[in-house]
Every structure is written in structure tokens, then in C-alpha cells.
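Think of it as A, B and C in the order they're written, each chain with its own count starting at 1.
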Amino acid sequence: MSLDTAKVRSIAELARIEVADDQLPHLAGELSKILTFVAQLAEVDTDGVQPMTSVAAMTLAMRDDVVTDGGYPDKILANAPEAAEGFFTVPKVVE
Amino acid sequence: MAYLLPGDSGDWEVVIGLEVHAQVVSNAKLFSGAATLFGAEPNTQVSFVDAGMPGMLPVINSVCVEQAVRTGLGLKAAINLTSVFARKNYFYADLPQGYQISQYELPIVGNGTLTIDLPDGSSKAIGIERLHLEQDAGKSMHDQHPTKSYIDLNRSGVALMEIVSKPEMSSPEEAGLYVTKLRSIMRYLGSCDGNMQEGSLRCDANVSVRPKGATELRTRCEIKNVNSIRFVQQAIEYEARRHIEVYESGGTIGQETRLFDSAKGVTRSMRSKEHAHDYRYFPDPDLLPLVLDPAMVERIKAALPELPDEKKERFVRDYGLSTYDAGVLVADKASADFFETVAKGRDSKMASNWVTGDFFGALNATGRTVEDPPVSAADLGAMLDLITDGTLSGRLAKDVFALMVETGKPPAVLVAEKGLKQVTDTGAIDAAIQAVFAANPDKVAEVKAGKDKLIGWFVGQVMKSTGGKANPAMLNELLAKKFKE
Amino acid sequence: MSALTDLSIAEAAARLAKGEFTAVDLTRAHLARMDAGRRLNAFITETPDLALAQAAESDARRAKGQAGTLEGIPLGIKDLFCTEGVQTTAASRILEGFTPQYESTVTANLKKAGAVFLGKLNLDEFAMGSSNTTSAFGPVENPWKRKSDPAAKLVPGGSSGGSAAAVAARMAMGATGTDTGGSIRQPAAFCGITGIKPTYGRCSRWGIVAFASSLDQAGPMARTVEDCAVLLSAMAGHDPKDSTSAPMPVPDFARALSGDIRGLKVGIPVEYRPQGLSDEVAKVWDLGVEWLKDAGATPVEISLPTTRHALPTYYIIAPAECSSNLARYDGLRFGRRVEGKTLDDMYRKTRAAGFGREVRRRILIGTYVLSAGYYDAYYAKAQKVRRLIADDFAAAFQKVDVILTPTAPTPAFAIGENTDDPVTMWLNDVFTIPTSLAGLPGLSLPAGLSADGLPLGLQLIGRPFDEETVFRVAGVMEKAAAFTARPQEV
């Protein structure tokens, strides 16, 4: 499975990671190698096999509808790189 | 009669599907124990889970699950005993985890139906495609600062039900009726409070058009986050016309996501959604499949309240109301309950008229609600009794009602205080007529000579002189007799 | 002083109870070892003042008769566990300075048991790696040296390289690790110590920086099987805050060390002896089989046919899950932010500056395999192959009670070797990955030394939630191996 630099650029964009143009070819090479390696799974016969969605053979436990959390805005904002008036702040988004 | 938009080349049909996001009524959030109340100080209803902190994990809230089942049952839909939560991956400032926990291939609720009642009295069944549970995002505010957007995560993680209709609506009116009915059903069930101003209910409208009679579906555009029924209708109409204009000028419609600018009444493309999102859905590995106990579903089904459609049928059948009147009363459960209290043991048509007329009018005028009314159902009923037993004429009752709204006092007290009992004593009425006749001999002569339209004037004068209390029927009878003398 | 740091946890606990020394003494001894061994770079954050304060509190508790199972025992904590008030980095620039306002469930459990925390241990960035060379805070050095080339710096294995090195170098009596594809077992083997990845769901994942949610498991690393058993009993337990946490009671695992494995059937999978398996590794495996036979167990040849597809399966599932789990590292609410002109610009720059190359590779692979058009061929397919792998083990466990394999295909290699090709590096985990995919408990213990004087480990794999049998067999093998060798450093 071979990826070209355009494809790598679009994947990097989906993942919001900036990749310098000069790094793209090498990265494309690495990723292509990895994809070739994992693509060997195609030869495994999995007809009728159910995907494994969880290792634990349990069902989803539910919790009661009681307020047990929240109410500590200082802790929530404690690690914020930037905050103002109780809000997180980011570069302005234009819709 | 079908809704058609005229174009240069002929008429066009509109094809509409709605995706409604309804905030679930619950104390805590879908996957965290933080509170869900509206209007709290920023970031005060946020747990570490809601903030997407490293190492945090979701745990599902049982009431949110029940509310989704309840709503599905209210929409006569199939409940999927096994459903799966999937991650919808994208980046945005109000999405702390960088993904929304939603449901994709296996939602909790499948196909259902919602019936809308059209003004001409007919009904139309609109198909429901599915209902699934998902997390709401936080709120980003862009007007607080010149160069920064402010993020509040209070709403992040609140449970939403996304209800997807089939593309079976064909006019802005039908879309409006659909949302109204859906809102009503959820309010009956108590699963969503339907408060669109607070954002408890938001609509995305999918709109496309096609030439009248065509069967294939053309490209649709999605108008996101419309927060009033009126705007939904306006947005759909604008968008449909936009599509027609594009097609008729030889262009094509590309699939896009748009916003409705309610100030200008137009839709416009969302800049942030230029390329189609690849959400890379996959089952959330932090959550196991949700498996519902059939007994739980049965329990919810057995405890469902009577829903609007059933209640309407019962009102028509048991109270003899018209479909239209019944429809007005059941739109809101509190109104329907109010009506039934008033109508119990009384003339249901009279009760219906007073509730839908003067009472609803008073609610509008005072800005009060059925849940917190200016006049109680008991008091309104008591007033109707006073009409039935002849104490009040219909006209006097209106005065009494107005006083009840103003003072909150029961009718009997007001009648006693203001001496508003109607006058049914023929002698008294006669005397009043005599007095008016005596004061206006020329007019009496004119009536006797054939000027019938002056009779109304006499009625008014006598009524005025009795302080409005003369029994109208008696007054008319005695006046007619008097003119014949 | 050095004698204190040579003790096992069990020995130290007994002597603390007798009052032979105090928790403060014990902690001081380990802090001195940390000073002496700083060159190994096993720690990202050392917390000596906190440790001494905790040790003093521990002595006070003991005086009141309130001693827990790990009272006063100094441990190192892999810097993937969020520790309240103490920087937690996941060995990444993107979390530099992040100070959690909450404590992970596993470390809270250890605190409740009375343990003392010496600091946060180095690891491969976001737990992705098998050599601890991808940490943003520099590689960790294995305290073991090659006889033939003592100057060469060797890797401790990964991702829990700092944990393994610290325990092997006697800087900590035990450490927490996490294991997603072998990250406890392989470094334990490379550093000549014992480590166990318990059954998936045995330990809570709440508060552990997530890498691959369906694979991550916390586990103990220590110098003896008994110590790992004591640590696991304290760490494990159902956590209602983790939906994948198993509602299973936690046995006193140390009680499983009866020494009696007569009649037990031990599976020897043919697929784990491929062409080209190193002679040394094959030899120590055979030796392990002999020990078990001597103890009354019966080796049974088994086949796990889907084994050869485990690596590609893992390298689709783990990157896919990590690409989504690491989306939250965006500079908005915590961690390092690189300013941008727009929100997306901020994301792109922050993540480019914050993530190392291995992490970036895995995120991009993960993003690709989940993207439109590829999901069925890769992710959905891998989840099906995963089930086949799990079924292989389930079938084998109809015939055997435990499975014995080598832990790693080679002993520790030098820092800088094997780095060019990501796939070659991944082959380090070939024996440990299948166990992770199946969610089974897997333990590694040191079985011998290579010709060049480096530790070689053997792995025991058990049935789901049957850590007791794994511990029991490991205890017998430990006795037979009589591994007393120490790293040259120590």
C-alpha cells in the first residue's frame, strides 16, 4: 500500500498535525511500509467471524442519575494555557 | 393540496428531512456525574471527564438510557435491545475529547412514526428513521473579545437524543408541525423540556427540491442549529427557493452545510465546513455494547402517559369536541389536564370554549403559563357553574373572568363583592326599559315606524343602565314586547 | 544502607513490622540510590521531599497500628499515571507542566495500602515503544551491561523502561508499569526483573493516560514473583468509574504461591519457535520446560495458528485507538500550547511541536485506517482477526492450564540499534502482543543470562482472571531458576 505525499498531507490535516513539506516524502515512505506490513491481514479468512468489540465479557454497567461531580471550576482551569473570566480562551473562531 | 414552488420551467416540490437534537431531562450528564442545569456560571458544571482530561473515562447514566427508550416508545419505534456507542472524531474548541461519543451503526431506537395534523383536518404520518443518544458539546462564544473565543464546557457531555426523520415532509408548514408535535410528545413523556430559547431543542433541516412529480432525490443541503420553529420554516423556504434559482439558471447544488441568519432571513455556507468531514466512526473501546433488559423496556412501556394523539381521540370521543378543538387542547399536557379539570361534570363544549378562548387569551396577556395560571381550573369551573345556574350571563361572565385574572379571587367572592349577579327579575328589566323609553321618545317612535336597527341601541342603553347585568335573552324579549305596545 | 535496597518488598514489610528500621530509613536509602543512579535517567520527576513526608506519615500510621499491606514501601510510578499535584508528562512535550488535579485509581489504591512514592518514571512517549528511546526527556539506560562491550549503553526495553531500570538498579522496591503490547513484560525481561500484565479489566484505567483503550492494563514490576503478587493485590479492583473494569473480587495473590504445580498442564505453542529464533532464547525456554517437568507439571504442545497475524492486527488496532485517544492533546485546556493565527493553526502547530516521531507515526496510521473507505479493510478486519487470536487461546486452555513462551526474541540491544525501521522495532513485541490482544494475564520472570551476560525472560500466560495459576507456576520457576545475578551498575 503506497501513499503519496498528497495523501499524507490530507491525513496529517485530519489529525491536525503540521508536517513540514520537506518531511512529507520520508513520512510517506515510512507510512507506506507500515501499511504494506499490516495489509497482510487481507489474506486471513474471516468469513462469518464476529469482530471483537471488547475483551471483557461483561455488559455495560449504568450509574444512577445523581449529581456527583463538577463544581470545581478552579481545578478545571488549573492547567489551562490561557483562560479569562472563568472561560478557556482560544484564537477567535469565525463561523 | 400539495405545496409547490413555482419556477420558470414549472412547479417544484420540496423534500425535507429533519434532525432534531433534544436535550434529555436528567439530573446528571450522559457519561459523567456533573449537573445539567441551564445558566450556571462558566465551567462550574464540568467534571474532569467532561473536560477531556488525560485518563478520564465515560460511565453511562441509566436515566438517560430510559429517556431514550421512553421517547422511542412514544414515537412507536423499534427499541434495539443491543446498541453500540461510537466515537465521532473531529476537532473543535467546544469538543474537549476531540471526539463526540455518539451512536452510529447500531442506535438505541430504530424506525418509528410521528403523525402531524394538518389544518385541513387530515393527518400525515412522517417516518422516523432512528433515535440515538450522544453527548452535547460545550459552548464557544465569539463576541466577548476582539481576538479570542471563550469556551464554556458546562454543556459538554449533556445527554442529547438525536431524532432523525425520513425525508417525508414536503413543506415548511409540515416541518413546523413535525417539530411542534415532536416537542409536544417529549414534553408529555418528560424526556425533553423542549425549551428552544435555552437550546433544549435544536433542528437541523435537510432540504432539496425536485420538479413536480419527479421521484429521484436531488442533492440536499443541511441547515444547522435552527432554534425556533418559525426560523425552521423560514430557513426551509429560503433554501428551497435558492436551490430552484440555482437549478433554473443552469447551475448545480453541491452538498453543503449552511447556517440560517435569522436577522437577514437567509442561509449561508459555513466557512468551517468547507471539506466534507471524515468522522472516522468506530465503536468506543471505553464502553461495552449497551444491552437493555427487556423487562426494563416493558416497565417503561407500561408506565407511558397517554400521548397527544390518544388523548385527542379520547377528547373527541368522550367530550364530543371537534378534532380541531381537541387538537388545540392536547398540544400541551398541562393544558389538556387543565381542561379536563374544568370540564369534569360540566358542559365540555362550554369548558373548551372558555379554556381555548378567554383563558388562553389571559395567559398570553399576562405572560403566565398553564402550570402557573392566573385563574385556577377550579375557579374557572366554578364560574362556569354560575353561568349554568343563571347567576351570570355570558357577558357578565366575561367581566367576572377579567376580574378573576386581575385579582385572583374566586368568582363567588367577586360576584358578591361587585354585585354582578345578573338581573333576571322581569319587573326590574321592565322598569329599566321604561326609563330609557321615557328619555328617548323620538327614538321609540322611529323604531315603531320601522327603523329596526335602532333596537340594538336600546339594548345597549338598557344594559348600561343595569350595569350590564340584565339577562340578555329576557331583555330582548321584553323590549320586543314593549315595542309592540 | 545498600542492604536495605536489596530487600524484596515482602522482606522489607516483615522487617518494618518488626521495627528493625523505619519507613523514613527505607526511603532515604532509595533516594541515595536514585542520586547514585541518575545517569540511567530512569526518573522524569523525582519527589524526594514528598517521599520523605509520606514515609514519616507511614511511620506514624504504623505506630497507631494502622499499617497497610504496602506500608512504608517506596515505589516508583510510571509517568503515565496521573498523580495529583505532581507533574505527569507521559514522557511527552505536549504534557510538559501538566499537573493533574486528580489521582489515578491504581495509584490511589497503592497510597491507601501505605506505599511511598519516590517519583515519576520515564517511559516511551505515550507508552508507544519497546526501548524507552522515544521519551521527550531522553532515553533510559539499562543498568545491565554486555560482558563483551561494557561501554555500550543498552535499552531497558519499553515502554515501561524507567520502571524496569529503576527496580533493577534498586532505586525503587517496585514500580507500576502499563502494558499494551508487552510494555511491562518485555522491559522486565530486558532488565532481569519480574512483571505482570494482569487480565484486561483487572486494574482500573481511570486516571491513566490512555494509549489504546482496549489493550492498556496497569501492572506491577518488582524483583520477585511474591512482590508482584502483593503489589497486584493492592493495585487491582473493580472501579465504577471505568466501564471496562471487571466486577471481580481481588484475591490475595500471594496466597497462590503454594509451590505445588503437580498435575498442571503447560502449553508450549509451536508458533513461538519460528525459524531463526535465537539459540540462547530457545535454550532458556527448553530449560524452563525442564523445571516445570521436575516440579510435576506436564508440557503439552499446542498450536495457536493465528499467532503470525498478531503483529499486524495490533498495529492496526492500537494506532487506531490512539489516534482518537490523543486528539484531546490540542493545547486548549492543558499542556503546552503553540500559538496560532486560527484555532486550527494552533492545533496543527501545538501537536507538531508536542508529539515525537513514533507518536506521530502511530496517530497518522490510526487516522488512515479509520478513515472513509479503509475502515472495513483494516480496522474491522483486524477486530475479526483479533477474535480468532482470542479463540486460539480459548481452545488451547481447554487442554492446558498455563502457557510458557519466551518473553522477547533477543536480550537488550544497544541504544541506537534497530531504530531506522519502525517495523523491525515492533518485532520486539512478537511474543507479548497476542496475549494483549486476547486480554489474558501475562507474566515475565528472569530465567537466565545470555552468553553476553544479559537477562533472558520467560513468559507465562494464563486464563482470564486466573493470575493465581500464573503466579503459582512463576513461583516454582523462580525457585528453579535461582536468578541471583545483578546488574553491573548495582
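Keep this in mind: a residue touches a chain if its C-beta (ideal position, glycine included) is under 8 Å from a C-beta of that chain, and two chains touch if they have at least 3 such contacts.
Everything quoted here is computed from the prediction, not taken from an experiment.
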{"item": "By mean Cα position, the chain sitting nearest the middle", "value": "A"}
{"item": "Result of counting contacting C-beta pairs for A-B and B-C, higher pair", "value": "A-B"}
{"item": "Gap in Å, rounded to a whole number, between the CA centres of subunit C and subunit A", "value": "23"}
{"item": "Rounded Å distance between subunit B and subunit C, as computed from the means of their C-alpha atoms", "value": "58"}
{"item": "Centre-to-centre distance between subunit B and subunit A (centres being mean Cα positions), rounded to whole Å", "value": "40"}
{"item": "For subunit B, residues contacting two or more additional chains", "value": "48, 51, 59-60, 91, 93, 149, 151, 278, 280, 285, 287-288"}
{"item": "Two or more partner chains touched - positions in subunit A", "value": "14, 16, 53-54, 56, 58, 60-61, 63, 75-76, 82, 88, 90-91, 93"}
{"item": "Two or more partner chains touched - positions in subunit C", "value": "98, 101-102, 214, 240, 243-244, 323, 327, 330, 332-334, 343-344, 347, 367, 371"}
{"item": "Subunit C residues touching subunit A - in the complex, by the definition given at the top", "value": "97-99, 101-102, 200-201, 214, 240, 243-244, 246-247, 306, 309, 311-313, 315-316, 323, 327, 330-337, 339-349, 351-352, 355, 360-361, 363-365, 367-369, 371, 377-378, 380-388, 390, 421-423, 438-439, 464"}
{"item": "Touching residues on subunit A, where the partner in the complex is subunit B", "value": "14, 16, 53-54, 56, 58-71, 73, 75-77, 82, 84-95"}
{"item": "Parts of subunit B lying in touch with subunit C, wherever the complex brings them together", "value": "48, 51-60, 87, 89, 91-93, 96-99, 149, 151, 278, 280-282, 285-288"}
{"item": "Contact footprint of subunit C on subunit A as seen in their complex", "value": "3, 8, 11-19, 27, 30-31, 33-35, 37-42, 44, 46, 49-58, 60-61, 63, 72, 75-76, 78-82, 88, 90-91, 93"}
{"item": "Subunit B partner contacts - residues on subunit C that touch it in the complex", "value": "81-82, 88, 90, 95, 98, 100-102, 104, 205-210, 212-214, 240-244, 320-321, 323-324, 326-328, 330, 332-334, 343-344, 347, 367, 370-372, 375, 379"}
